[in-house]
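Next come two complexes built around chain A: one with chain B, the other with chain C.
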Partner chain A sequence: MKAFFRFLYEIIGSPQPPADTPVYRDVIFPNIGLLNLGLSLALVVVFYYVINRAMGVATFNKGRHWGIFFFLNAVLAFIIAIWQANAQQATEHSYIYWLATWNAVLGMLWFFLFSLLLRRGSTNASTTPF
Partner chain B sequence: MAAALLLAGCYSREDMKSEDTATVSKTTPSAEEKPAAPAPAASEPTVPEGEQPEAPLARAAIFLEVSGSMEGFMPKPGASAENTRFQQHVAQFLSDVNRSTAVQQKQFFRIKEKPYRDSYQQLSSTVRGGIREPAKSTDIPSVLDTLASHYYEPNTVSVLISDFIYSPKNAGAIPYIKTDITDALNRAGRSDLAVSVYGYTSDFHGTYYPALKSGGAKRANCCDTDIPYYFWVIGPADAVRRFDAALLSKQPAQQAHFGVKYPKPASSLLSKFQNQGSWYYGDAGASKRAAGASYHTVAVSEVSAQQPVEFVLGLNLAPLPALYNDLAYLKANLQLVGVDTDAKITQVFAANDQTRASSGPESGFTHFVKVRLTRMAKAERPLQLVLNNKRPAWINEWTTKNDSNINQAGAKTFAFSSLLDGVEAVTTSEQDSQPVFNIPLILQPAR
Partner chain C sequence: MAKLFLFGIGGTGSRVIRSLTMLLASGVELPNCDRVVPIIIDPDAHNGDMNRTVALLQSYQQVHRRLGQQEEGFFKTDISTLSNISADANGGVKDTFIFDFGGINQSFRQYLHYDQLSVDSKAMVELLFTQDNLESPLTIGFRGSPNVGSVVLNKVVESPEMRFFADNFQEGDRVFFVSSIFGGTGAAGFPLLLKNLKDPNTRLSNARYLRDALTGAVTVMPYFALQSEENQVIDSNNFLTKTKAALSYYEHNLQGLDALYYLADTPDTPYDNQPGGTQQKNKAHLIELLAALSIVDFMQYSDAELRSGAPHFHEYGLGSDSMEVQFGHLPDETRELIAKHLTQLLYFSRYHKQHLPDDKAPYHDNLKLDYALRNEPIFRELNNLLHSPEFGVDQWLNELSQNRRAFRPFDLTTEDFNAMIAGKPVEKKWNDFFNKGLSHNYILDNLNKADKSINEPDNFKKLLALFYDVTDKAFEEKVKVV
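The block that comes next holds the complex of A and B.
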């Protein structure tokens, strides 16, 4: 699993500065990777199953409502990456923001994929976003 | 609920212990294949020797030579009441030994034809007040033989204070000085015999007896020049090392050590101290960054002439004698031994206020060695930092072939380097002298 997250996050290049590489590979990448997956899944579940099924809200199932969750997910993914880098005392470097941006992009991807997989189970939003 | 599940999935450094042991066991079979790689010392925690309190030595015996040639060091106080640096220094040293807690039993001896037991007060007053009945002459090999045969016990040392002017019976015996010393020390057949030699100089007011009689007999009312005298600490290697550390570490002396073995000093790579290029700790568990952990594996992700890698190895040499803390000695004798790499030492420097005050791991080290490389092998290779045990330069500078006109020769001792040749022959069993220490490192390409 570590290898998978390492592959995923090193698509944008090796961690910087080089001295922090072990911390990024062994701690930060798996942490933000798992958190990101979990966060996307949680938001998808909240949108399709909590709001649009269990709570039966009928006015929150349009594409723009899905978009709100989509971007909320991206912003949280960005924040999670920066928080993790700081929590693990990674050296301050512009790389952290590139990593956070990449994490946000990946977050959007997960959110989209989970949406495709899980939307059918929703009563009110089974055709959102399309 | 979901959040709790997520957090449980999180990695933290503490959780990773199990994974690390898994990776270690995975890499072990491949480690056997690599060419003559030394076992990485990173896994075993190196406790700095100076920090753990050592048990005191059972006994230290201080021997002061009181032959006529020593009288000039210890002149009887005249009207001028001047004393020599020898008197001040040796009296202070005797006092230091006498109240030291690092030695349980202290014994003091005058050396004439044979050692005579003195009390501290008696010996100290001899040093201060001059020699009462000087011995005719003492023969250095027989003194060394006595010390190595009768005063050699585990956990004890003998300290011989003398001018070490050894005059062979005739000129034909001069080439055999080395052999005489070797035989004298070897007679008792001590396998772990070690000798630490400390050299000092003092003003000298008295009769000087040159070793070479050919150039003229003794010189009264000598000398205009300083005369060297020496402390030789003789005993088992471990006891000598501990005595040196306890009582002679702060002496501003010239020194040389023969057969003394030192524990490997604490060391670690420093990945965030004057580092350059793409490299990081390749040790297992480096991401945990545990306090006090040491690292010895350099994982290089990219290196070329345009993008050289520079790393700094921190060393804590405080438990070693001053000789091995001396920057000039370190610069001349530190050596990197590696294969398939052009790694070179570019800089050796001591800790300064900045490194000591640093919050990083560099604050725990007394010396730093900076290594630069521009190419390396495609696979893992060992790299060793070795401190060679070379005889310090002062020994030859303090040696003269002819001391019959000592004022002209200066502060030198007759055939001193030959004496030490003899010591070295006894204390080093192999042909090659063992290094003071070596620190195995590993250079590996980043995976």
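The block that comes next holds the complex of A and C.
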């Protein structure tokens, strides 16, 4: 799993984590990776299954509503990355913000993929976002 | 496949058939028959009431054809033209709901060949008919003169339509007549047609089936008045006198009926005095709806019930008297028969107009409604049937609500589904945060749910099935009783 998340967060190649690299590779990448996946899944479930199925809300299913969750997911992914870096006492470095941005992009990707996979089970948003 | 042959005679006949078509569109069941064959008998080829009834029937027919057989639902009952009941295309009958008089473009005097008659015959004619009768152009009907109608309509029995009807009449088919007793065409046509169909010496084929066929009729007594104007040929002050005369004739001369329904009302606001033509387009009236219900009532009786102790005579009374009739004023039996179905039809029509074109929802996407509503002819036909200002459902409900006596079970001015049933708003629960009673959200949510559960590849059939299911559920869950 560590290898997978290392691959994911270093896929672009540059910039690389600063000197305290092991903290990133051993703790921060897996943590934010798992949290990011869980968060995206949770938001997709809330949008498609809680709001647009269990609660019977049929008017919160437009592309713009999905977009709200999509960007919310990105913002939370950004925050999670910064929080984890701080929590693991990583050295203050501009890389953290780069990592947070990349995490937000990955969050959007997960959200999009989970949406495609799970939307059919929704009652009112099974054709959202398209 | 048992059929109901429904003879709508004169303007009232057309208007009652219009109401029956609306009831059938709403999903009211017509038991003991698989198909209704309306035959409108009115020599006034330009009659406004008749033409919009025909337009409605044609529209209904197209929609039903697309839907095909179904267990329940809007437009469930098959309505067919006379020529459509047989595969034999050589019957010489036009594919229309109207009896073809072939355009009687002459006066009654010409029709009788008055000028060629002997002196004695002329004297007899003058005894039976006024000068006005003789000069009356038959193109606009009989203008309230049954003595004229009874002569002209005698021809009906010798027509290709009547032969075609008799040729295709089968055991188990039923016949029903709708007419008014106080006008010209209906008052003359009903007893005449009945006599000829039941005549033991008739030259029509299937005479035994015709004679034995269960036969019902609704005869509408005066329920409207006409504005009194000088030089108008129809004087509504004579309606009661003519009714009495006709009833006295019926008492002794109507043979072969199994059920006869009488309806009447006290006239209120008089109608425009239009003896016929395109201008004769009266607002739909509660009496016509009740007359249509007499047809449903007749069809609900089994053969055995109708044959025992026939003829059965029926009259109708409201549960409680009111000049603005709501569901609560109807007797229980009537309310149970129509309240839910008419409410469903109203909800469907309203949603179709207010929300359907703009809905962004899975059911809408899956049925490809953005394209279908704009481009597919059957969807445009449905739009006409619901919203045409001439013959649509909305217009019919509006007319009923504006007439006197008014049938006003719905508030047609509101866009709020919770407030559409007059005097019976849907209760909204305080804790029902997202579903405010019968809201757009509630209907949309149920349309999407039904879209997942109904497996139907045809998008038009599925749309109708979705709305029938959802409006049914809405009534059962939110309205419950009226």
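Methods note: the second predicted complex is superposed on the first by the 123 of 130 C-alpha atoms of A that agree within 3 Å, B and C clash if a C-alpha of one lies under 4 Å from a C-alpha of the other, contacts with A are read in each partner's own complex, and residues count from 1 in each chain.
Criterion: contacts are C-beta pairs under 8 Å (C-beta built on N, C-alpha and C of every residue); 3 or more make two chains touch, one makes a residue touch a chain.
If you're wondering where the values come from, they're calculated on a predicted model, not measured in any experiment.
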Q: With the two complexes overlaid on their shared chain, look at chain A and say whether chain B and chain C clash or fit.
A: fit
Q. Who contacts more of chain A, chain B or chain C?
A. B
Q) Between chain B (first) and chain C (second), which, if any, makes contact with A:125: first, second, both or neither? A) second
Q: Would you please give the vertex angle at the Cα centre of chain A, with arms pointing to the Cα centres of chain B and chain C, as a multiple of 10°?
A: 170
Q: Check the residue A:57 against both partner chains and state whether it touches chain B (first), chain C (second), both, or neither.
A: second
Q) Does chain B (first) or chain C (second) touch A:86, or do both, or does neither? A) neither
Q: For A:23, decide between first (touching chain B), second (touching chain C), both and neither.
A: first
Q) Which value, in Å, gives the least CA distance between chain B and chain C in the superposed three-chain arrangement? A) 24
Q) What does chain A use to touch chain B in their complex? A) 2, 14, 18-23, 25-27, 30-31, 34-35, 38-39, 41-42, 45, 89, 91
**Q.** In the complex, chain B residues that touch chain A
**A.** 2-3, 5-6, 9-13, 16, 19, 271-272, 275, 277-281, 286-287, 289, 299, 301, 446
Q. Which of the residues in chain A come into contact with chain C in the complex?
A. 55-59, 61-62, 123-127
Q | chain A-facing residues of chain C, complex | A | 360-362, 365-366, 434-435, 440-442, 444-445, 448-449, 452
